[in-house]
Amino acid sequence: MSELTSEFLVITIGAILVNNFVLSKFLGICPFLGVSKKLDTALGMSGAVIFVMTLASLVSSLINQFLLTRDFVIGGRTMNLQFLQTLVFIVVIASLVQLVEIILQKVSAKLYESLGIFLPLITTNCAVLGCVVLNAKATGPLQSTWYGATIYGFCSAVGFALALVLFSSLREKLDLAQVPKAFEGTAISLVTAGILAMAFLGFSGLV
Amino acid sequence: MSEQESTPSIRLPDPARLVVSNSPHMRSGENISRIMFTVVAAMLPACAVGIWFFGLAAVWVLLACTVSCVVFEEGWNKLNKRPSTWKDGSAIITGILLGMNLNAGTPWWVCVIGAFLAIILAKQLFGGLGYNPFNPALVARVGLLIGLPELMTTWNPTHAMVSTLGAADAVSAATPLAMAPGKVEVLQMLIGNTKGCLGETSAIALLIGGAVLLIFKLIKWQVPVAFIGSVAVITGIMHAIDPTTYHSPVVHILSGGLLLGAFFMATDMVTSPMTRKGAIIFGLGCGIMTSVIRLWGSYPEGVSFSILFMNALTPLIDRMTVQKPFGYVAPEKGKVA
Amino acid sequence: MSDKPRKFKGGVHPSDSKALSASCAIQDAPLLDKYVVIMHQNIGAPPQLLVKKGDVVKKGQLLAKAGGFVSVPLHAPTSGTVSAIDKCPGPTGISVPAIHIDADGEDEWGSPFEPIANWQNCPAGELRQRVWDAGIVGMGGAGFPAHVKLSPPEGKEIDTLILNGAECEPYLTADHRLMLEQAEDVVLGAAILARILGLESAVIGIEENKPDAIAKLEEVAGKYHVRVQPLPVNYPQGAEKQLIYAITGREVPVGKLPMDVKCVVQNVASAVAVADAVVKGIPSIERVTTVTGRPVKTPGNWRFRIGTPIAKALELAGGITEQPAKLLLGGPMMGIAQSSLGVTVMKNTSGILLISSDEVSLYSSEPCIRCGRCVEVCPMSILPATISQAVENKRFDWAQELNVQACIECGSCSYVCPSHRPLNQHFKWAKVEIASKLRRRND
Amino acid sequence: MELKFIIISIISTGIIGVLLGVIIGVVAKAFAVEIDERIEKVEELLPGANCGGCGFAGCSAFAKAVVAEEAAPGQCPVCSGDDVANIASYLGIEAGQGEKMVALVRCSGDISNTVRSLYNGIRDCRSAVVVAGGAKGCDYGCLGFGSCANACPFGAIEMRDGLAVVHPELCVGCENCVATCPKNLIVMVPAAAEVHVYCNSPEKGAAKRQVCKTACIACRKCVKASGEEEHMLVDGFLVKTNYENPPSADLVEASACPTTALRVAGKHAANEYQGVSK
């Protein structure tokens, strides 16, 4: 296998299964718990996150590559704007979320309502920022290109979606269970998420 | 005569003691504990072989697991003022299964921790029997494997191995899966004279148990067949490509917890899909994931992880495989029912 | 049409316990001094009362006329005086209006119509009218007016008439004895029904556990091009949709009627009633009913007048030897539990069954262990376990998504459930809720 | 030099911001959705119990209807008078408030008073009623499995000895229980009326007494005790309170109802009555 193909595998399988954003990096727990009560909303959220994360990866890696990491010389000192990374990334993500929100409200008011506060909260979803930052820090020959970063963003989002959909179907089942009062709701969800994370640990070492 | 009032010699039912309920008014006589204890019986051959090869140590592990499972179950019931449930046999099954998934020399406190994970964390927190989305014994095994990897991946040699190889060699001997391909003695694996968890070594005993389950229709045949079949196919292909790195499918099937998992854990009714179609998907998923983890993953054994992962997928599979009713007609679009 | 019956998916094999009464010949029940005829005995509109308190009626006289097309008239079971129009315990546990008749012991005949001797040449419409006038309903259990099934709407072609002699319910032997003892009448009724539908032939479906009845029917069937079709023993073989599938291989679509697959199904007892009404001019005022169960002293099959109180029927059977846990109208799988002995024999009462406390099925709300047995046995291929959990959590919309309406309430799922869950009641409940939601929306 | 660097940072960040802003602006125009902010404000003023007592799907649907002037704020049975007035004044419309109504379960047949058969099945009225009519001796009485109590979002219905008892002071009149009762036992009555007949059986007195100790046998003692005032109305074999002209609580004492079917709501809620054997 060439280096690129093997890195491609690392990026895809790694992001979806092995280093799953939710179940192994524990990023994006807020929407993971918040919008996983129903499979339908979870699917909607997954779509939104895939959209935002892929685009955010693309846009920010472009900005990062062609603007922020470009060295320039001012008064004999070589400098770059890397220190602006976090700021710019957040601006990009926030605008993308805003876009999704505006479009969704028009296209599917029902989904918009059921996602509620968690839609604007994608902005602060650490999974998205984490993904973008990981892209900016990547050293691999593939991931450090803008298309590699986009693939990584997409796969991470798919991993997030996978975890979210699995978890929401489990929670729909938990809805029917007679969970002891003290453990109802978030408590039992966290227990379930923990066991789910244990199951995902089986993938470790695959890539 | 008919004109007279009923003669006192004719006794009629007392209406006040008649129960009203919905039909049907007969039942097949099947109940949960009967099912559960049949499963226990089906596990006994494998346990017996484990005890034969590993000796008293195996007895202690099985006992410690079963007793602590029952104690945790009853303790929880008492604590929550729920009716006693150990008699339905599910806690006993969990205990024995957990024991079978442990090394014969496992310390007692590990058994107790496992029982806690299984009964309290994986079962009672979700509302008890029937509501747990994950197989309790598997949660315990995987939990212990992650938490105590050293303890969970060293195995006692069998008595027979000690006598043939000598104590030192026997202790350092590898499990079949960890050996170099082509050096595995298939016959020893069939009878169970290899290293491994105490209940998973003997293929023959497990097959007998599986046959019992199938005969009493306690499991769906689709699950073990799809599970074992897909492992055979995938490992077979890899073996054909490169026999020096990859074991033959026979070794894969007979080694590790595959048979135990395929017959006793993947088939757990509560955590596997209900329809036949779902069962096939479930078995295939288990098989594929087990093969992938065994061939390329960092853990030597993928059965527990794969079943646990498929447990998580079960609600989705159930949703996808809702069967069409007899005489089903697709609802016309646009027509409001 | 092949001679080999198809096997429908699912089904259960409860121990049939038919031996208790299968060898007991049908006896005519003696005349009582009092009958209570429940007004509304059919599915559809209740009939309209024609008599009042104090009226003297003759046996066979009209008590009430049909209250619409899907409704049948009611006739006096014997001669006597109408002592009251009052409530009496109904089969569903709610008191229902009934006509109380004090018999005069004369049993004087006053038939509303004459026999049609030459029925082969009688127009189909007239025969159909006779079936209606005689007040014949589906005597297998549902009580659906027979003439309605015989009147396919314009454009609906019928090519198969099936007589239901499956009697798949355990314990019940009334149809079995009827087919054995009155095979000629069964076949005659089949021929008349076929003529009404403009068909040449008819099929009688019988479960294989009644070889004597099959042999007897085959002996006489040739006379009218009636075919006897033995069916494998599998509950619910006698359910309309399953029976049609077994015999013709056609699936009745959910929410549709046998008519939609060109079939008409009638119970064998209804066929005998048709034969009686046409050839002998006797309206539907009696029926063969099995009185049975372990607690019954001498189980057997009797020909009761409609309106016979259950207490009297049980007395005929010698009373009980032990207190039963349940008293049922109908068989153990689909029968209705009673809490009163005041209910009377109706046109669709195929059995009076006492269930002893050691064989009774009581329900508990143990959790579902998802064993999937209910899914295996469901003859309608729905998911009883999932629907039941949905209903338990009042998720009726979900139950509807899972096609709970397809359920025929045969009870196979509850029969096999190791958790003893009240599955069947869940489905009934869901259907009621879904129907009422639909009504609210249409309002 | 340093300044230049700062300016470059600011400008580049600014350009990115402006670009994104323009994109958002364009998209927002293209996908604009109109929202009436008054709806949100009205919804805030509503109780948010989503009980559906107003006849709409929930508080937000009701808010929409109120703003569209398809419903009057007073239709919300839960809102206090002040809340209704607030909403009305905010929107500048009529409050349209009606009389306060509470639910009444027209049955007093608890376990000790009414004959029941042994029922084995789902513990829910709506489900029990499909089996043997609920297995209660009286075909019209409360089944006692508490479907109404479960439907009440305000905990105003107590299940006591197999009988649903409304606590009038907790009841807000949302009518959720009314549709739930499979026996149609629950009616809405003015909260001002205190005396009710806790029986709903149209059967003859003798038939009722066979199955229930607290049935109204239409003896008319209460009708007579209320004199010419027409506080109580006779309807077949049943007496009903005339809610147009309700009697005072003294009537119960004065009429000495022989079966205690006539009760004062508050005392009934406090469990101060017992049935009377024949």
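Here the chain labels run A, B, C and D in written order, and each chain numbers its own residues starting at 1.
Here, a contact is a pair of C-beta atoms (placed from the backbone, for glycine too) under 8 Å apart; a residue touches a chain by one contact, two chains touch by 3 or more.
Since we're looking at a predicted model, the values are computed, not measured.
Q: Give the chains in contact with both chain A and chain D, ordered by label.
A: Common contact partners of chain A and chain D, which must touch each of the two, are B, C.
Q: Compared with chain C, which chain's mean CA position is the farthest off?
A: Max centre-to-centre separation from chain C belongs to A.
Q: Between chain B and chain D, what is the gap in Å from one C-alpha centre to the other?
A: 50
Q: Roughly how many whole angstrom separate the Cα centroids of chain A and chain B?
A: Distance between chain centres, rounded to whole Å: 35 Å.
Q: Please work out the Cα centroid separation of chain C and chain D, and write it as a whole number of Å.
A: Whole-Å distance between the two chain centres: 42.
Q: State, to the nearest whole Å, the distance from the C-alpha centre of chain A to the C-alpha centre of chain C.
A: That pair's centroid distance is 62 Å.
Q: Touching at least two other chains at once: which residues of chain D meet that condition?
A: Residue numbers touching two or more other chains: 117-118, 120-121, 130-132, 135.
Q: Among the residues of chain C, pick out those that touch two or more other chains and give their numbers.
A: 93, 336-339, 362-363, 367, 422, 425, 428
Q: What are the residues of chain A that contact at least two other chains?
A: Counting only residues that touch two or more other chains, chain A contributes 176, 178.
Q: Quick one: do these chains touch in a line, a ring, a star, all-to-all (complete), or other?
A: Looks like everything touches everything, fully connected.
Q: Can you list the residues on chain C that touch chain A in the complex?
A: Residues in contact with chain A: 367, 389-390, 392-393.
Q: Flag every residue of chain A that touches chain C in the complex, lowest number first.
A: 175-176, 178
Q: Using the touch definition from the top, list the residues of chain B that touch chain A in their complex.
A: Going by the criterion above, the answer is residues 80, 121-122, 124-128, 131, 133-134, 139, 142-143, 146, 289, 292-293, 296-299, 302, 304-306, 308-309, 311-313, 315-316, 319.
Q: Write out the stretch or stretches of chain D touching chain A in their complex.
A: Residue list for chain D touching chain A: 1, 4-5, 8-9, 12-13, 16-17, 20-21, 23-24, 27-28, 31-33.
Q: Could you please specify the touching residues of chain C with respect to chain D in the complex?
A: 87, 92-95, 336-339, 362-363, 365, 422, 425-426, 428-429, 432-433
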